[in-house]
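Please go over the structures that come below.
One chain, subunit A, links the two complexes that follow: it is found with subunit B in the first and with subunit C in the second.
And now, the complex of A and B:
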């Protein structure tokens, strides 16, 4: 009995199996996603009053943050509670680049991501010695330490309210600034999702999932556990740092308490991923839609927004640990993004 | 002739607890060597130390002439050592095919690939798309062995092949070993079932409380010798 991979002829007498990533749903999902991205990209031209654009900036950068946390926690088993340190690092890096050094604010976004990525290296040296709950606590402690350093810094003046001035934002018109910020938020969401899909389709993706299941098991199969974890840790830090910069561009004043807020940049992100589905690429997309709906309904009640989202996340964690995406999977095993190879043929279980 | 694996004075343990005491043994290329011993004899610790998952406290291990203890665990697969761990330890979030493919992450060139593994374990063919969690014990063991073979190892470390499996399943799994050896892989198998070990191996090594107490060709050892060494009794004459 043999296995035939896609594109290979079956040996005589062999049972024909095909291995494919694409399914009808994933092709439809990709086509639908591409169409949605095009529609969203053109939004500034047809949403003239910005009634959709303004809230979408928040939704989109939250999707980017959620995809990165999901990459760490859902696929690599690295449950970090300290991602707000990279948001804050990105925010303050942009302030420094654009405000203090006069660099172009848009070009400063990837540079802010690099600062966050650079910060992630020494944090990893400390946090990677920890596992499970200790890793979560360790990353939180590291984030608090960075927040305190920024707050106390005379150069960064994290204790004061700091804003991007008109000069530092360049000669761009208000409309241009709003549009570019929106497109950057869209890039965070689309790029964040694409990063997760690309990582999961690669050898690293399989290695990551094995590391999440058993580090010793992965190590005994020749996987460099530290390097595999470090790769996604740095990528997630870079992207989260870019998000921090875009967050500042969308609301151009901040304090260290706001930029490094565990509730805004960590708790809400966790709620989004848990509600949508941890460990799936589609989950954060579903979760952020729920977040958007709740946010719209409770826009005047910040505390209630947290309570309702946290309550839904807690209920989901108990009754549907795989989130909304898991509930859909119970109904029908759909794969909207082609990340897992599936076996097509007699006896194949399409789980 | 230089042994493929040469273990000299190897001691290892877990923190303050020492499980291996100056173990000496050698494995020749192309042979099947079985390590037997009662519970707590140090068999699994020996295999995990060779795989790099338990640090050695003293001694030397040379593999194909190179100092193995200087090589980190994840690099040992690339050097040609694959472990089939006790309890199979499949990755629950991966399906059977992915569990097999992850074995090839650090593969060396050689004859083993997915098709070849399925040829040796045809029972896996209809299971490739299934979650590994739903498999029977025998199926899981076949996946674990297949996963190790995907790396094209020179030396495969098999821990407790028969643990918790029906005799017929164990027989089927052991029936695959000659094909593995014929393909160029040396096998070091830990086994509690003395009869199974004696039937499958070219040589037996018996551990007792972390020390080698008996070594030899199973055809030349009497059952009394083996049982006495296994349980730490004096051999009946």
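And now, the complex of A and C:
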């Protein structure tokens, strides 16, 4: 990881202040993450019966969704409750491309993401006029409207159960289908995290956080607020749409009620981000692990599961509003993904 | 899941009842285990979600198991039903059935069960997980919203699958089957799926007989929503509207409405204006609760309300503003003249065991959930090996007398479908429970005595 310097380059040997993003932990974090990704990537070869692979698909696509919502809500201050509209758009786009039109199911995944991105533009036109709680409700209303359109459409038949069948997936063996679906879910998780890190390290990331903290303040500094927000909104919609397509590949059936479910694609995603730590790149990773663990423990609790999940979220919101990652930071300011600039004084031996 | 409010409200209400039911089943299991001289080995949970239920007891108190377990291969059975969400009443008998089956079948069978949360995509995902965990056969049921995705995932995964509790047309069509003049020979929807239940033709003929018996004016208000059931039931070719019109009824069809609707004023107004005397349709319990509340508030109280899906369960009917007098299709009762091929229990004995264990009134899914296991066990015995292909072949030649009646997968109306008899009846004030189901139409099962004649709702 190269150290990026800003301002005047220090004279050789001189003691000077400099600004750095990377830390010892962030280097360890990146190395550890790289190793983890390699281990996960090779999983199909050593988890031969697939008993770990199938549940991991769910964990991984949830991490992808969580990172995208975190990018919007945690870094850009855009608290959308309507991301399920992009999940559903991706799901139905894949059904249409692969099942109805016979396109390759794997290539249809990014195409489904593009459909979601295209949908996000008209939604932005009116949603961006709203802010705060109104933005949240506006996006939810938009998602419900899209769900109703899909439900009523005679082509999409959102009221019926629709499935991917041998028609679209029959060209591939069982094993290929399982493995490619898994790798796509892994790409969603890793790519989603990478998108957040890359965006935050760019000038846009700096602009985003200033927009989150004060739109007027950001505007007065010369930031194009609408352009900045639109960029992450479309990127998040694209990635969420890809996730919707992968969700269908992993499940293979859906209805509009499932694909546009606010409880599955919004409430649980918010839970993951809030538990893990909103506004941090590590938070959603921690959150998804906690969610996975709790979900496994409570699988037999039936409706109590939702009550317990809700209770945990409520307690966390009061006790630790920055989530688990916030708790860890209170203990030690660790940063596994270097997105924050730190001032390093003379004599500091860090990196 | 449709609308948040719609899901959460009944869910919170049901959860408590279901939890008590589960606790009661837990309380019972030590009795079964103790009776077999084998207790405290941690297997005292009759049902467990992600974890698998391994049977601890070799035999049960109920009856000798015909066929024994000597020729029974060790198989893993996956089980997917809705246990939370609007369809939760369909899974109400699950913890009892799973516990009883684990006890009756001994160590030969491992059962892994999943709650699909009344969600189609979740049902498919749960099935994928069960397949990857090595399930040899998967059982599922509780409306086509559940049976179709489970069967679709099994078809892709090449795992035998037995589904039930969904009329066969929406299931078969949803799985890719074809009916009508374009299909002189009905195609095989899935070579890996076997479905047993009744069909639209049966519910239509039962309802018509019920309504003719009631003497109400032949004006039917139809509430067939935009969901897999509603789209088939309201279908202009195979559904209710053409059949009712042919039988001389006037049909007021409100169209395929969205189930997330919270305001039924427009529908109620349309019914009132048209002079609807009979309200029918197929909606989940929470939707009917909302509809009936608003209908009564708006002074719409037709003499006959015959609703499928919503009026099947005592736990649901008892929560409606006016439960008494509602009429419904009946797939199974505790008086059905059939017995289990696994435990030997008659329908009456099975229902009594359920009531004793759970402390609540028997419910129709009990018989069908039990029968699904009967079919799986029978196929396993005949296949003689824990092999998906062999099990699938054995399922295809199933001809078995179960607690819901004879099941023959070779005979069915379309490939892979077996029909069970359907009757109809009405909720009346009971002796043991506040509301009990009285059979008023028994044309398809004359051995089952009729309890009463349908009475108009006051």
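One rule holds in what follows: the second predicted complex is superposed on the first by the 326 of 351 C-alpha atoms of A that agree within 3 Å, B and C clash if a C-alpha of one lies under 4 Å from a C-alpha of the other, contacts with A are read in each partner's own complex, and residues count from 1 in each chain.
Operating definition for what follows: a residue touches a chain if its C-beta (ideal position, glycine included) is under 8 Å from a C-beta of that chain, and two chains touch if they have at least 3 such contacts.
Here the structure is a predicted model, which is why all the values come from computation and not from measurement.
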| item | value |
| --- | --- |
| Chain touching more of subunit A, residue-wise (subunit B, subunit C) | C |
| First, second, both or neither for A:197, with subunit B first and subunit C second | neither |
| Which superposed partner A:209 touches (first subunit B, second subunit C, both, neither) | first |
| Touched partner set for A:30, first subunit B, second subunit C, both or neither | neither |
| First (subunit B), second (subunit C), both or neither touched by A:296 | second |
| Partner chain in contact with A:148 - subunit B first, subunit C second, else both or neither | second |
| Touching partner for A:234 - first (subunit B), second (subunit C), both, neither | neither |
| Residues of subunit A that lie at the interface with subunit B and also at the interface with subunit C | none |
| Contact footprint of subunit A on subunit B as seen in their complex | 51-53, 73-78, 82-83, 85, 89, 91-95, 97-98, 101-103, 105-107, 114-115, 118-119, 122, 125-131, 147, 151 |
| Residues of subunit A defined as touching subunit C within the complex | 49-51, 53-55, 58, 144, 148, 151-152, 157-161, 163-166, 169, 174, 177-178, 247-248, 250-255, 257-259, 261-264, 267, 296, 299-307 |
| Residue ranges of subunit C touching subunit A (in the complex, touch as defined) | 1-2, 4, 7, 11-12, 14-15, 18-19, 22, 45, 47-51, 83-84, 88, 114-115, 119-125, 128-129, 131-134, 144-145, 148-149, 152-153, 155-158, 174-176, 225-228, 230-231, 256, 258-260 |
| Subunit A residues touching subunit B - in the complex, by the definition given at the top | 1-3, 15, 17, 19, 203, 206-207, 209-210, 212-214, 216-225, 279, 340-343, 346-351 |
